[in-house]
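First chain A sits with chain B, and in the next complex the same chain sits with chain C.
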Partner chain A sequence: MSVGKRFWESLPAPIREDDTVLIAVLLALVAAAYFAIGGLQAFLAGSTVVNAAAQTLQSILFLSAVYGMLALALNLHWGYTGLFNIGVAGFMAVGVYAMSILAGDPGGLPPGLGLPVPIAIVGGVIAAAIVGGIAALPALQLDADYFAIVTVGFSEMIRLTLQADTFSGTVTNPDASGYNVVNLLGFSFGTGGGRGINTPLNSPFNFLFEGPLSAVGETLISAGESIGVTAPVVESAAYTTFILLVMLTSYYLLVQRVGNSPFGRVLKAIREDELVAQSLGKDTRIFKIKVFMLGSAMMGLAGILWQGTRGFVNPNTFRPLITFYVFTALIVGGAGSNTGSVVGGAVFAGLLLEGPRRLAGLINAIAEATFGGLPSPNTSWAALTSFDPAAYLGYIVANIPNLKFVFLGVVLVYLMQNRSQGLLGYRKEIASSVDLSERPGKPGEPGAAAAPDGGSNSGGDGDE
Partner chain B sequence: MGVTESFDGGRLRAYLREPSVVLLAVAAVYLLVDLVAKLAGVSAGIAGVKLLGGHVPVSNVVGFVFDGLLLGLIIGLAGVGLSMTYSILNFANFAHGDYITVGAFSGWAAAYVVSFFTLGIDATFGEIILLNAPSLVSVVQTPLAVVVGLVVSALFTIALVLGLDRVVYRPMRDKEGIALLIASIGVALALRYVIVFFWSTSTRGVTSTSSESLPSFSIQVVDGTYTFNLHEVTMVIAAVALMLGVHLLLQRTKLGKAMRAMSDNKPLAQITGIPTERVVRATWIIGGGLAGIAGFLIILERGVLSYNFGWRLLLFIFSGVILGGIGSVYGAIGGGIIIGVASRIALVWIPSGFPRVAAFGVMILVLLYRPSGLFGGVTTA
Partner chain C sequence: MSESDSGADAAPVEANVPDDVDVDTDDVEPESTDSAAEEDAKEVPRGLPLRVQNLRKTFGGITAVDDTSFEVEEGSLTGLIGPNGAGKSTTFNCITGVHEPDGGTVLFNGRDITGMRPHEIATQGLVRTFQIARELEEMTVLENLMLAPQGQQGEKLTYAVTPGLRGSVRHDEESIREDVWEMLEFFEIDHLAQEYAGNLSGGQRKLLEMARALMTDPEVLLLDEPFAGVNPTLEEKLLERIHELREQGYTFLLVEHDMDLIMEHCEHIIVMHQGQVLAEGTAADIRSNERVIEAYLGEDV
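Entry: the complex of A and B
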């Protein structure tokens, strides 16, 4: 793709060479765009501009950050080790549900174990790691596409088990006929079944706004209100800031560290040629299981910090679709590249996931403001036979939530055909610990001077 | 692994030295004994702890087996196409489930249009084409609609599949399986939501189920009855006939020979002068046609149509294909039937929320114990 490459070359050098700057610039661009769109929409609808813009801004940054985190975890599996895991949703579900059960009220419906939330979070992460270890066992002997089928089947098994009435714990009377509380080693609990389960982390940054630290929260809220931002938005924004600055950054640093460690070099060797890695005396099975457990734990934690913070969750949240979202984010950014994972998370959330919806909202708002709204035909046939371009547009705009998936599918096919390495996949990976490409006198090829990135599909280009 | 192996005593002894195989065998024997005990209505246990047995009516189990066979035929019929494209084009096509959905929607829209004219329904054409008019079609009242629906579902799906191959897969022939797999997920998403764009997400009943339009029959089993209707019979006959047709095609024609050659060894097939692109096209035609017809028949049997039923069936189909062995057409049929029956029979032991879990579990077990599938396809590892 020469267009993409030319675009890349035309960027200022600091952006190309420093990944942190690149990510920051990209996030700032997405944020600015959404700030503007949110503000414009509110302006057209006649509500408070600043508050709406801030709300849009924080929600898009939050989505970018969680998709970035999940893409980083998947990158560890797929980008580094070549394990094509499409069961991300299952590991998220295990993390969220384990945490919710551990922290749930023992007298609640379904009953939980009543542990403190921090311990429950650790428990959820450990549970996700253990389930990841079990899921990795078939990986030891399967080809990539069979492994893909097994992982998606595994995640569906998890979801269906959580959904089943048998373990739901909704009938707590032991004498009732539908008694379905799970009793394991003296503990009673339930999954909530199809009704879902309450998550203990309702609004995770409450401690800033009540209790001993409330002074901090009050300062933030009054600062927000002075520019027209309401308290709930300030509270969400505090959490988004934490996810973005602390969690996404530590995920990035962790994956980067793992990738550059001797452990990570073995992972890349497995990806390139497992037989060679085995010939060099590495027990690749152990490495695969370990990395799978680590990645699953990260997915579990990301799930907890995302779906586990809404007060309530049900099994339908963890359909395979969410897995496809995550790997689309990774593919957009470039499998194997950590910077790419984060960039992919932002581009995916900003353009593919939220973009169409925002666009539809904007079109509607403009139509409302200018000529009193678009006609909205009930069915495609009514739209088709109306022979009215406004009705066509109205039907399309009303169906944007569905057409979004068509757009997503077309983007996936396009990327696979033309740019399977993603946005940042073509940068060279330097396998040695010092950057050999910066030797004086050697004419630098394009991209060779890029900072050592976590990896790329063309891995193994550097000297070992 | 594709070599036929004689199951001699030495191999059996070698198998029995593997602890995991012994464990699996013990589990299988236990379930079998337990099933027999449950049917006989006896229980056995040690020191008051029930080990096996209980009571399950024979008619229930017979019902499970027949329901499983119906489901299995559906999975098998849809799996033939998936297995063929898997072995010849070398990728797991995640869009196959949505090919089935497309076949169902196109076929049922056609069937509705036909019954609109033959029955003289009082509805607008928009309601008919969008399948919003309630439950019209049955084999007895509108046989022509069913036949037209079958033909249209096959033709429309074939046209769509060939078009998709031209646009999506052909430019990617030289890419590896994972890239094609991801592209097929993109195709699956796009297809499903194009259907939603036109037909919306609502679930609708399409077959007429009143007793005069859909006769049902009961057969006496030991302690109860098993009831089935004419649509189920139609589905079974059509599915078996199509499977027989595929068998004859692959065994008796030159095309079948070329296909089998290509799935065995592609370079060798090319060297011997087999026009591989033409074989690929033929594969899509057969696979797509079967997927479309399967979609139509599934809805004929189930009576309700929703936009995501093909996608929900896809993992079942994958399970059947993997169980039977990729690339083996008979494996796909046999594997589908085994998965179908196993997922229903499992209801003897597990609660009603879990048949899908059981089917996926069987698939994972097969991949662990016998990656080449029961009927010996190409290898998976």
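Entry: the complex of A and C
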């Protein structure tokens, strides 16, 4: 990895040394690239450039942020504690569905409990935490690999339960033969089954644009329209800004605090050698359950803020593929590093997930504009036997949604072989609330001798 | 087992006088009362923090520890020796809760700790090290030691996270940090403080492990072959530390292969053979014990 190392060395010092700057620069780069791609594509297609560019920009930042949040939550489980949780999608599903059921219209189809949305969100997070606590119980007995199987099984159980007709609440007449509303302590509700369920948050930042705060919204919209950005894009952008600046930042600070504390130290000890932690008097069971509940709650909330804001979800949203994506983001960024998690989220969303599609779209647009579009052979055989480079390119561009996975696989294999610790996984993130390297008691002896990586991010996040 | 406590010397003589009974109950030696010795065993005479009674552990058809009983005196350096497969490590694991014994009791400061979980036993002040040093590789030496102190507030999630409470956690950590640096200096590994534990040499790991165990502020330390794979210079250094700590009041139980080392440094020696205690006593006793010579010394030395 000398190329990567040289690239890293060539970066300006502030980027290498300050995590906030690193994340900000990376996000800015991703944003700039997508802004340019979106704008160029729109320009070539002859539509409004600014609006398209803004739309592309906000969508990629949104994806980067939610994957960053999920990777941070998973980092608590896997990076810190070594709990191999491949049930991320399941905990997201619990959060989203619990919220949707709690807030759903009691007379709707499926019926809900009709609670206010903020309470429903809290309820969804608590539900995810409780389910996480239950899922963690096997972790007390099982070793890493076996626990992983339990979590993926758990996640699929959740998804299939949500899909089952039995609880779907689509037949609300008690006399009907297929009556399937769940009755719990006098409250009746359903999951929607395979038909899916409406989420109450289809436009989470509505309050800025209607109601008492609408003046703020109107200002934003008119500001947007003056530079050519339409109202829906402004609304999405407002929400993306919230996710990025408030939620991702809070997640980062929370995990940072959890990690850089005696609590985080025990988590790391459990990851390294659980028997040692026990032999030093730590009741590792309590720590495992606590951290699993916290991480699951964070996954549930991330699910609510992401999938729960699309107006509608169905169980297929929560296939294990999402878990795999989150793992990829964390592996790319570097498990065990919080900055790495956020970086991984941005790199994964920007480069691996959306990159190929955007690039294909851009190539298509360029081709359309310059020579009337690429030929698109129907089968790989037709493409192969055409002996026409343009047809090759056309075939690849047309099949990019599938080829994306090949690309993803190649990147993962390369990373595992050449940089298994991820982009930032090598750095020392010391688990303590104070800077251990300094020793105020003895002046002139800050044992800063051995920090070979230079990246000794020694924990102390300046708080009161 | 002689009771060295001066007050206890006179007690057995007057034990028959009714007036003195309630005064002396605490000091009565179990040996002086023939009947119900098992009952009285709960009442530990001062000076015997760790008592192992009729310990038994089988793995499948193999009886690894077979009816083993011994005591460790307060402030002593007790050696546990025996040939390979004698059941030393299994005894250790049964005492520290890694294995659950099939029979017998382990008493620590008079409390029955048999079958307790490892962390509960450690919390009571009975802390062990491992035969093959188990350092936490991807944690620095400092982190390794910072982990050990008991009852850290910041180990509660709420304290670690909540803004107001985190201040007190930081305050705690600052004082622990100072203790850790002192411990590092005591073991002369302060120059390695920032190093990942996984980068340490075998001997340094042994030092780290003992330092870490000491950071829990234990009463009794169980050291499982602390000198295995340690070079003679470092071994000397380790022994020096152990003697120094013993003078400070720590109690050590030491499993070791090296006969000469044990003979030279331990005041009380327990010899195990095929899961049973073959002999115990001072170095001179052991040297002259024919069964030991036959079973162990005769073959190996």
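We adopt the following convention: the second predicted complex is superposed on the first by the 428 of 464 C-alpha atoms of A that agree within 3 Å, B and C clash if a C-alpha of one lies under 4 Å from a C-alpha of the other, contacts with A are read in each partner's own complex, and residues count from 1 in each chain.
The criterion applied here is as follows: a residue touches a chain if its C-beta (ideal position, glycine included) is under 8 Å from a C-beta of that chain, and two chains touch if they have at least 3 such contacts.
Model, not experiment: these values are computed from the prediction.
When the two complexes are overlaid on their common chain A, residue A:A277 makes contact with chain C while staying clear of chain B. Looking at the shared chain after the overlay, A:P14 reaches neither chain B nor chain C. Shared-chain residue A:P106: touches no atom of chain B or chain C. In the overlay built on the shared chain, the residue A:V152 is in contact with chain B alone; chain C does not reach it. Of the two partner chains placed by superposition, only chain B is touched by A:L408; chain C is not.
By the touch criterion defined above, A:G373 lies against neither chain B nor chain C after alignment on the C-alpha atoms of chain A. Legend: residue contacts after superposition of the two complexes on their common chain; A:F263 is shown touching chain C, with no touch to chain B. Of all residues in chain C, those touching chain A in their complex are 96-98, 117-120, 122-123, 127-128, 130, 134-140, 142-143, 146-148, 150, 152-157, 159-161, 163-164, 166-167, 169-170, 172-174, 177-178, 180-181, 190-196, 212-213, 216. Within the complex, the chain A residues that touch chain C are 254, 257-258, 261-266, 268-269, 271-273, 275-284, 287, 290-291, 294, 336, 428, 430-434, 436-437, 439-442, 447-451, 456, 463-464. Every residue of chain B that touches chain A in the complex is listed here, in rising order: 91-92, 125-126, 129-130, 132, 168, 171-172, 175, 177-183, 185-194, 196-201, 315, 318-319, 322, 351, 353-354, 356-357, 360-361, 363-364, 367-368, 371, 380-381. Residue ranges of chain A in contact with chain B, taken from their complex: 84, 137-138, 141-146, 148-150, 152-154, 156-157, 160-161, 163-166, 324, 327, 331, 379-382, 385, 399, 402-406, 408-413, 416-417, 420.
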